[in-house]
Structures are given as C-alpha cells and as structure tokens.
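What follows is a pair of complexes built around chain A, which joins chain B in one and chain C in the other.
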Partner chain A sequence: MIIAERKPLEEIRNMLAGYKRILVVGCGTCVTICWAGGEKEVGILSSQLRLASSKDGNELSVMEAVVERQCEKEMVLEELGDKVQEVEAILSMGCGAGVQTMAELFEEKPIFPALNTTFIGMPEKEGLWLEMCGACGDCFLDRTGGICPVVRCAKGLLNGPCGGTRKGGKCEIDPEKDCAWVLIYRRLEKQGRLALMRKYYEPKNYRVVKRPGKIEALEA
Partner chain B sequence: MTRENKKIIAFCCAESAYRAADRAGRLRIRYPDNVRVIRIPCAGRVSVLHILKAFEKGAAGVLVMGCQEGACRHLTGNIRAKERVKYAKDLLKEVGINGQRVKMVNFSPDMAQKFAREIEEMAEKIKEE
Partner chain C sequence: MGGAKMARPFRETLKTKDFIVTAEAGPGKGSNTEKLVEHVELLKDRVDGLNVTDNQSAVMRYPSLGTCLLIKEHGGEPILQITCRDRNRLAIQADLLFAYSRGINNVLCLTGDAIDTGDHKEAKPVFDLDSVQLIHLVHTLNSGKDMVGNELDGGVDFCIGASATPSADPIEPQLLKFQKKLDAGMDFIQTQAVYDMDELKRFMENFHKMDNIDGVKILAGIVPIWGAKMARYMNENVPGIYVPQYLIDEIDQAPKGTKAAKGIEMAGRLIRQIKEEKICDGVHIMAIGREERVPAILEAAGI
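So, the complex of A and B:
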C-alpha cells in the first residue's frame, strides 16, 4: 500500500490562502490505513481549517468527502457528483496518484495536496509503517528471502552486507534500523538457501521502468 | 465574549464523573453555570473529533472526565481518552488555541468536590484569555 503523511497545517493554509469555499477529499483505501487521509483525518483537518480561519476572522466554508479509491476516476465522479461545482478549490487527502486523478477530472479547479506521499510499505503494528518496495520494476525478492535490499538496505546494496553492520544486526547509518542483509541472511539460513549469499549479482537494471510508467493489459 | 456565553463542555463518563456531578448537585456544591455536562458511556467514547467540534461550535474549554486509571469500567477507555486529549492539545496548538483549554481528569463517583473544582479551574482559565 501507499504510505503518506499529512503536511503541516501552516503549509496547507498557505496553499489555500484567498479561497473561501473548499472541498476536502479523503481516500478510503491506502491513506486510510496509514492514518493520513481517511474519513477521520478529513474530519480533523477540516475542523482545524475552520477553527484556524475563524480565529483569524476569515470566513472559510469547508465541505468534506471521502472517495473509496481516489485514484479511480469512476469512483471519484460517483462520490463527488456536483459537490465540486460548489467550491473554488479542492484539497486532496489522497496520495499523489489520487491528487492527479482529481486534477485531471476537474481541470477547471485548482487542486492542492494535503499529504506528502512517502513510500510503498506495510503497517508493522498500530501506528507504525515501514517501507517495503521502491517499485524498481525488476523484482529481486527471489534471491533475498523476500526482503527487499533496494529500499530496506540504506545503501540499496544487491551484494550485502556492507562493512558497517553493527553488533546486533543494526544498520550503520541508524542504530534503530535493522540491517536488511542480516535479515536476508537469517531468512535464507532458515530456508537452507544460504548458497545464494555466495553469488555475485550484477548491478540491477534500474531503467526497466521508463518514466512515466505505463502498463497496458494484453487484452482489455 | 462575556463569561456567560463562554461555554465549557464536560464529557462525563456515566460510571464516574457523571455520578460525581450528580453528587455535587445533591450536595448543593456551587460551580460555574457556563458548563454543559454531556453524559457518555465511557471516556473512551470521546474522539478527537468530538473535542475539535466542541471548539468549532464555540466552546472555550473542554473537559474529558473519566474513571481513575486502573478503574475504568471498560478497562482502557480512560487511557485511550488520555491519549486522545494529548493529541487534541497538539491539534489545537496548531491552530493557535491554547492546549490547556482541553483537559483530561480522572474521577471516582464520590468526588463531588473535585468535580466542582475542575469546572471552577477551567472557568478561570478561559476567562484569562
């Protein structure tokens, strides 16, 4: 899933300066799970925006909506209907894909991102999300026991570990973080596949995904 | 704004604080009348959004009143409430509202005096600003 974090209120308010009627749109999928842009966060941010502007003596009308998946045009249109016509600007609490989907659908309205989209990851426990994949386009997980060295190793090494692993299996750049290559070693050991550690891997082709990425189904 | 229309919202857990409020009434203990007591089944029912909405609708102070720690009828409702009040303080500070205007207080049902005192304190606090 996509992990994101909300921008500071001040930054959001600066984007919205001058607009009197806005629509805050959350997304019910990834960013709901990472507590950044779901129904609850839409409510909190909208409330904060109203409070802050009434404190400054400004009128700000804030409408709220949540689209099940903001990166799907049909869902956005179905959920938002005519609401968009009533406002001057839209504040999206979806990830970057959600923001752009709406920007394309409502070209005549300025649209602003309320979140910083940070990575593809998973919830580790309540309130903690970890990066898992950098969408490199040439997955390497078969050789590493299902642990991604591209993003979970601070240096992105394909032939790790480096010489800096700390005692206890932590990374030299951050004693709080696990060394991905120690995790990989232990996983492969469990599976009796340590021989994989002896192999040398050529640098990966990071140009597999031509930006902007595009995938077409063979049959559609 | 005059004190009369500077309202305090007190979310009171039915198991403890609400009973303390009730007792304060029966004992004829005086406390400011600009408080609105809202009976809730457990302090854990109060969400951050309830607190923000109270301010949005014009409250000047919010009290979340639950059971003593370790004595919550629903086990951890009061602990959750404490965390949420902490979070609400940060959210309020972000919009320029003093975080002290929201407070978590723990009660047992017989604490009528304490109930009155907490209302009095919050009433003073919102008068200052």
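So, the complex of A and C:
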C-alpha cells in the first residue's frame, strides 16, 4: 500500500490563502489505512482549518468528501459530482496519484496536496509503517529471500553489504535499523540458498522505470 | 614540477616489492592546495602510492581527481578513489577516461559513505552502481569498451583496488561480497582500519581459503589514534572503524604533550608486527589530516 503523512497545518493554510470556499477530499484506500487521509482525517483537518480561519477573523467554508479510490476517475466523478462547482479550490488528502487524477478531471480548479506521499510499505504494528518497495520496475526479490535491497538498504546496493555496517548488523545510517544485507544473509542462510549471495548481479536497468511510467494491458 | 622524477607504477610495485606502503591524502575544503602539496612533497618518496579520498565521509571537498593530478605533477604515484555515491555510470566512465589520459593509472573502487554521514545531508544519493559493479566496469574499460559495448578510441589499463572490512560483525555477508570482488578480478585490497592483530590474522586465514586470490595483494588499513576522545568518536561515528578498549586506555594513559609520540609509536608497532610476522602484503596509512606524522610512523615501524 501507499504510505503518506499529512503536511503541517501552517503549510496547508499558506497554500489556501485567499480562497473562501474549498472542498477537502479524502481517499478510502491506502491513506485511510495509514491514518493520513481517510474520513476521520478529513474531518479533523476540516475543523482545524475552520477554527484557524475564524480565529484570524476570516470566513472559510469547508466542504468534506471521501472518494473510495481517488486515483480512479469514475469513482471521483461519481462521488464528487456537482460539489466541485460550488468551491474555488480543492484540497486533496489522497496520495500523489489521487491529487493528479482530480487535477486532470477538474482542470479549471486549483488543486492542492494536503499530504506528503512517502513510500510503498506495510503496517508493521499499530501506528508504524515501513517502506518495502521502491517500484523499481525490475523486481529482485527472488534473489534476496524476499527482502528488498533497493529500498531497505540505505544505498540500494545489489551485491551485498557496504563496509559501513555496524556491529551486530545494524545500518551505517541508523544504529536502530537492521542492515538489509545482514537480514538477506540470515534469510538465505535459513533457506540453504546462500549461493544466491555469491552470484554477481549486473547494474540495474533504470530504463524500465523511464519516467513517466506507463503500462498498457494487451487487451484493454 | 614538470621535471619531477617519475614514480614507479603501482602495479609494478605490487608485483615486486615485499612490503608495500601507501598513504592516504585527504583533500581539504576549498581551492587552497598549499597544505595538500606540502603533504604530497613530504610523502611521495616515502610511500609507494598516495591514495586520494573522494568526498570522504560524504563531506564536500577538493576532488580526488584534481588531487591525483597534483600528485602526478609533483612526481608521486596517485591512486584515485572513486565512490558510487556522487556519480552515475556515465560520469564515472568519463572521469576514468580523463584520469587515464593524464597518467593516473590506479583506481580504488568504493561504495562510498552514506550521504547522512556528511555535511550535505539533503543531497540526492546516486548509487547507480555498487562497488562490485564498479570493479566490473573498470575491467570493461580495460578491455577497450565502454559499459554498453562501444569501442573506445584509446583504451585504458587501470590497476584495480577495492576495500574489505576485517572487523565486520557479522563477517559472513562481508566475506561473500569480498568474494565477488575477487571473482571480478583484483590487483590489491586495502582493508578498513585494523587494530586487533588476531582479527587481521583471522581475516587473512579466511582470505587464503577464498577463490581467485592469485596475485591479489592485501594492504592492512592503519588509522593512528591521537587521543582517547578521538578513538571513542571514531567508534561511534566512523563507519567500519572499531578501536579496542586496551588501545584507547594506552593512549589515554600517555601524559599530556606526549600523545602524538604515543600515537606514532602505537601505529609504528602495528605496522612492524604486520611486516615482521608477514601477516599481509603491506599497509595503507590513513593519518586523517595528520599526514605530516606519517614519516615518523614509518621510522617507528622500521621502514
């Protein structure tokens, strides 16, 4: 899933300066699960914005909505319908893809991101999400015991650990974080597949993630 | 400057000399190269190669390539360090072609310290290649082609080095990576700082059991310590360095004003032991800003 964090209130208020009627749009999928942009967070941010504006003596009308998947055009149109006509600007609480889906659909309205989209990850425990995948376009997990060296190694190394690994197998950049290559070593050792770590892997093919990415199904 | 006598090619030294000594030259921040040139002049005839760091610890400095040129101009034998942190595969290849065209024939292939350890923490880390891929890349250039198979108009012939970490814990993943470097083909390996001779001996035992080690020379990394505070700081902050407590105590107990002499004596003692017991093929001295003390260290080591 996609993990995001809400921007600080001040930054959001600066983006919205000058607008009197806005629509705050959450998303019911990834960002709901990572507590960043679901129905609850839409409610909280909307009240904060109303309160802060009235404190400053400004009137701000804030409408609220949640689209089940903000990155799907049909769902956005169905949910928002005519609401968009009534506002001057839209504040999206979706990930970067959600923000841009709405920007495409409502070209005449300024749209602002309320979140910082940070990574593809998983919930480790209540309130903690970890990065798991960098969408590199050429998945390497078959060679690493299912542990991604592209994002879980701080340097994205493909051929084993750097010389900076700390005592006990911690990462050079953070004594709290496990070195991904020590984790990979232990996993492969457990599975009797250490020969995989002896093999040389060529430089990564970055062409597969030529920006902007585009995938077309054979039968659309 | 132009008339300086030619240093012996490092590759030849590796083949013929019993005990090889290289020293690190660490460029400073800024275009003033006075101190650097002083160190080069002082060391170029005392060591077999001067090895120049590449934005060491991810701190922006005068470049490795420029310093290697200075060394060359002053009649020394430069070893160019290249890390994967700041350049992609195009930039690395171009730099290598330039280096070779100017008589810089030795390259040390490193991953590079993480951006977070340095002074430009908001920079974008590159790591387009890793150190093993970099070694393969230099071999490809040596074969007269670039990485994608295009012929080079004017090839290169680099002597290739890399690093290894005897003090790593756990050591096994490091050894697997080290083996990949050896498989790629190495001329020399310099280790991260070693202090514990038993640890170095264990590392050499492991090395002798590995594949593709013929003709590969191992230089033990020597980082002198100038005080207990510095040693503790390095233990906490410098990736890959671990100074044992008994050495910290030894420098700590030296009376004020004699710490430099003590540090020189301790480093000299390590080198002497490595040489006398033939533990490995030589040493690489990293004096980190105290290059002027290297001649005294060599004297203390009996070299």
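The rule is simple: the second predicted complex is superposed on the first by the 220 of 220 C-alpha atoms of A that agree within 3 Å, B and C clash if a C-alpha of one lies under 4 Å from a C-alpha of the other, contacts with A are read in each partner's own complex, and residues count from 1 in each chain.
As a convention for this text, a residue touches a chain if its C-beta (ideal position, glycine included) is under 8 Å from a C-beta of that chain, and two chains touch if they have at least 3 such contacts.
Note that the coordinates shown come from a computational prediction; the quantities given were computed from them, not determined experimentally.
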Exercise. With both structures superposed, pick whichever of chain B and chain C touches the larger number of chain A residues.
Key: C
Self-check item: Which of chain B and chain C A:198 touches, first, second, both or neither
Solution: second
Quiz item: After lining up the shared chain so the two structures overlap, which partner does A:123 touch, if you call chain B first and chain C second: first, second, both or neither?
Solution: neither
Quiz item: For A:40, is the partner it touches chain B (first), chain C (second), both, or none of the two (neither)?
Solution: first
Exercise. Return first, second, both or neither, reflecting whether A:169 touches chain B, chain C, both chains, or no partner chain.
Key: second
Quiz prompt | Partner chain in contact with A:110 - chain B first, chain C second, else both or neither | solution = neither
Quiz item: Thinking of the overlay built on chain A, is A:134 touched by chain B (first), by chain C (second), by both, or by neither?
Solution: neither
Quiz item: Looking at the overlay, what does A:158 touch: chain B (first), chain C (second), both, or neither?
Solution: second
Quiz item: Within the complex, which stretch of chain A touches chain B?
Solution: 8-10, 40, 43-44, 47-48, 50-52, 55
Quiz item: Which residues of chain A touch chain C in their complex?
Solution: 154-169, 172-173, 179, 181-182, 184-185, 189, 194, 197-198, 200-204, 206
Quiz item: How about chain C: which of its residues touch chain A in the complex?
Solution: 84-85, 89, 110-114, 116-117, 125, 127-133, 136-137, 147, 163-165, 168-170, 172-174, 176-177, 179-180, 183-184, 192, 239-240, 242
Practice problem: Could you please specify the touching residues of chain B with respect to chain A in the complex? | Solution: 47-49, 52-53, 55-56, 91-92, 94-97
